[in-house]
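Chain nomenclature is as follows: A, B, C and D, assigned in order of appearance, with residue numbering initiated at 1 for each chain independently.
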């Protein structure tokens, strides 16, 4: 789960991490008493909004409203800006970088910090980055903070303020089931205070059940992806036109790869997962059909998923939605014979992934 | 020999009375696995497929001497069940359950390690020592005993490849589905290490995916082992995944892509398949 | 650190564990509005107060004061009762037993429970006791509570109340650096409530620095032991008359053992530890002399402790306090020759522990 | 061979600039130990006895390739220092510090184990492989290389016994001071296991004390090993210790006394000395 900047700031505040004052606005008129001077920032879930003109500065209320007027309704990446966040301008002396994320290899949270933050962070040379694991189970120990202070070269008071923020950021990371807590810049102000200039927060989707308060937050999904998500279906819309549906993320990816090698382009990534509920399969297929593919490439390797159950769902969805798209079906595994029978007259059977991909490309071209 | 699991392993099924638990208990029994006990709190005294059900792992271990467990309990209860199994003294814990918050796994994995318990998964198809025993959910019929060790992050894609290996006339020693989650009990390099020391295993197939750097680390280790290694990497054309802020870029340092992984394996002298089933072709030409 | 019952109850309350109402009194007149009917209980740090008459029951204020009058000033074990605790009588349906302590072998906290608590707990047969480790690091998991409820055979509501108490008792165990949290009886009342009938709490002495609020609590020490404790000296008064001082707990114990085998009886257990500060040695020796031993048996194996430093402290203490007790000194290790020189004319040197013990016994008998 | 520590071990001294740290660094260097680095936060760049001091264990390991550490830092900072050493990757951690709250050790020990780090102590005299290296505070001159493995819960009492062993013409392989605290990194039975597998060690001396049940467990294991075991138990006449409520009685079930421990060793066929130095006599008569 991703969070709009203003929402991330709200959660940072809850953990006692200093953030700039700010107000959210959906119309220019919502801005009544913004902190001045301020930066008016588009609230979108993609990066690069600065370059896209989604951040403007204002010294007066009028200027702030003017900026909001310019930004609201703007398109950034695939999104239309619906809200702006007018945020107090900071008197920054130094921009640091700080993040906590997960290091899969070490099976531990990883703290990354740099004495040079802000826009340039990705070009900071490797040796200027400070990386240290935050040991799970035993909690944050003082040695981490000592090493950090040394690496950032901060004076004593600054070091103690940054340490305090690290402690709180780690508490947030653990308490909110976060995948990423990123503060860039971590701003050292001219008056000595240290503040989270911008906050990025991603929370583990699998932990949604522990954080029902986040369930309804808007995410960066297309309407169809949103519909699929609500039904618990793993579905991503892609650029191509061949509707790919398979079971298991690895197999779905591999199917897209093989299709690509055969000259086709996938329009969907639809992972049926391990379901063997025909109703669920039907729902998934309905989503797929709404993406209006020119051909459907179905690739099932039955293990938990029984092939006939999938076939039944496919048949029902096609019949009920009266869609007449060629379906190339490659079905292996448990009950594959019954599955072929069920799809008789609807799908074009294939023996292998390669053959199925070839047939799909040919069907699109008018074949098979 | 095989690794981790064999015909002597005495297995508990945690969550045995659930839909998946029942189904796969039957399949594991069919495969010859010694499923000695099931655990579902509150259902002690029942039985599933003739396997006695206990209220707790402690009761199950006491009564049956079980030394391994496979876990089918839903994600919100998985941590509880995993720690219970570890405390009850099992040496091998296979976590099939998917969608477990990874913060739970950050606790489970080091704790299990401290107590000498090897964890496979979560979010994995489990483990099979072909012809001996299965602690997992893979379809039985695609496996045949042999000398190919298989390591994989995914489920059905593995079946696809295992099936191709078997069709090509080879067989498997142990197939380890390590799982695709951010925090897993046995990493890909660790699985390689295990198979590299197994006498039955003569060659090793690695089925990887985009994301993370496990394949790159595995490739580096593959360079140091004597057995031939074959790899397939899924996701060459996958949409770019969720971007983990700047941190993601900083951590991965250009690794994590299919290209990076393929190059790493090639640099280690491993053969890399373009299609899943090409693994079989490469094995044959070896 | 041990706690008087009333103090333990106070800490239990802090963690939300239900305890009976009660008031503390140092004089009968302090009892103004005790909960009635009540049990008036001597506050001492040893067990067996019930048998010693230290618990009496009262239905009226007058009876309560009467009971207090009888108990205050009473001697229980080595202690004079200075305070009583008048505690609400509970309407008990069932007495359970519950404790959390440390299992050294498993390096983990151990929960012990029994469906039969109260006075009989030590005679409960082994198989009626429920033992389960509370895994460190990962915290209390629900399986512990399920297993406990099953073993205690509690109905659902009772089980949930006991579970809640276990959770809180474990939080107390961890939060207060406890060595022992014991609730006996854990009382199931006739109205269904569950309460800590009596609470025993011992906190790790080594964690005193984390709990300065407990530093001044009275402990079960003799005045001389208290004086030693305040000076950071490990000192225990024993029944015998030979003052034993050594360095290291193991060596001190072994010295007492050897002395015993030779027919002597140690009057003190004084472990110098690893100190090599002559001032500290002098302080320790002063404590030893205050215990008025008839002979002193000094056994030092110098490692960290330098033998000459110890000898210097001994000499100074003897000279300043003008005490003329035979000192049998067995000194080995770093600087042992210089140590012997320093003690020339004061101590009787010995080569081995055995010889030293023999000399001590003989010196006491009028020799050597 | 010896166990855990030898002339190749590269040792860090944590708390090297303190009084004890300095003193024992000198003694360990004299003994021939490869003390490659010291750590004291804020004192990086200094040196003690020619040993470079670093601000952190990470810096020390990076610069010197150290694989072990000995810890002299005061109790309130010991957990921090121990976890730092473990995270920096040392494989052996000797904790000399006494009076560490045992709740800290409940965290340290399993975590270290999960990361593959062996801990000795705390509240112990450390470890010495006679003639090779010392990571501890024992007096150097009483040791002589030989075939007697020594395991002990106490400090000076061990010196007493080691001295007697040496005087009697024997020598030591490795002497492990496991420490006397409730929660220690390497238990007495584990130390026995280590020494029983060591080729240099031909006989094993166990120095125990009243309290706990480690001696009884060790005796049970001693029954299963082929090397002769000798034991001395201190505390036959010690005052009864702090009584841990009913729980204490329930846990120990009559174990924990000197008699129980002596009987356990005798039942295991071990020779038990009445006086500390009698250990030497028993060795000689063996």
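By our rule, contacts are C-beta pairs under 8 Å (C-beta built on N, C-alpha and C of every residue); 3 or more make two chains touch, one makes a residue touch a chain.
Model, not experiment: these values are computed from the prediction.
The chain with its C-alpha centre at the largest distance from the centre of chain A is C. Centre-to-centre separation of chain B and chain C, using mean CA positions: 51 Å. Distance between chain centres (mean CA atoms), chain B to chain D: 39 Å.
The mean-CA centres of chain C and chain D are about 27 angstrom from one another, to the nearest whole unit. Looking at chain A, residues 137-138 sit in touch with two or more other chains. Among all residues of chain D, those that touch two or more other chains are 107, 110-111, 114. With chains as nodes and touching pairs as edges, the resulting graph is complete, every pair of chains being joined. Within the complex, the chain C residues that touch chain D are 2, 47, 97, 99, 101-105, 107-110, 112, 121-122, 126, 129, 136-137, 174, 177, 179-180, 182, 184, 200, 202, 204, 206-207, 209-210, 236, 238, 246-251, 253-254, 256-261, 266, 269, 273-274, 301-305, 332-334, 352-354. On the side of chain D, the complex with chain B involves touching residues 110-111, 113-115. Those residues of chain C whose C-beta lies close enough to touch chain B in the complex are 132-133, 135, 137-138, 141-143, 146-147, 150. Residues 41, 55-58, 77, 79-81, 83-84, 86-87, 107-108, 110-111, 114 of chain D are the ones touching chain A in the complex.
Contact residues of chain B toward chain A in the complex are 20, 23-24, 75-76, 98-103, 105-107, 109-111, 125, 137-139, 152-160, 163, 180, 182-184, 187, 207, 209-210, 212-214, 217, 232, 234-239, 242-251, 253, 274-277.
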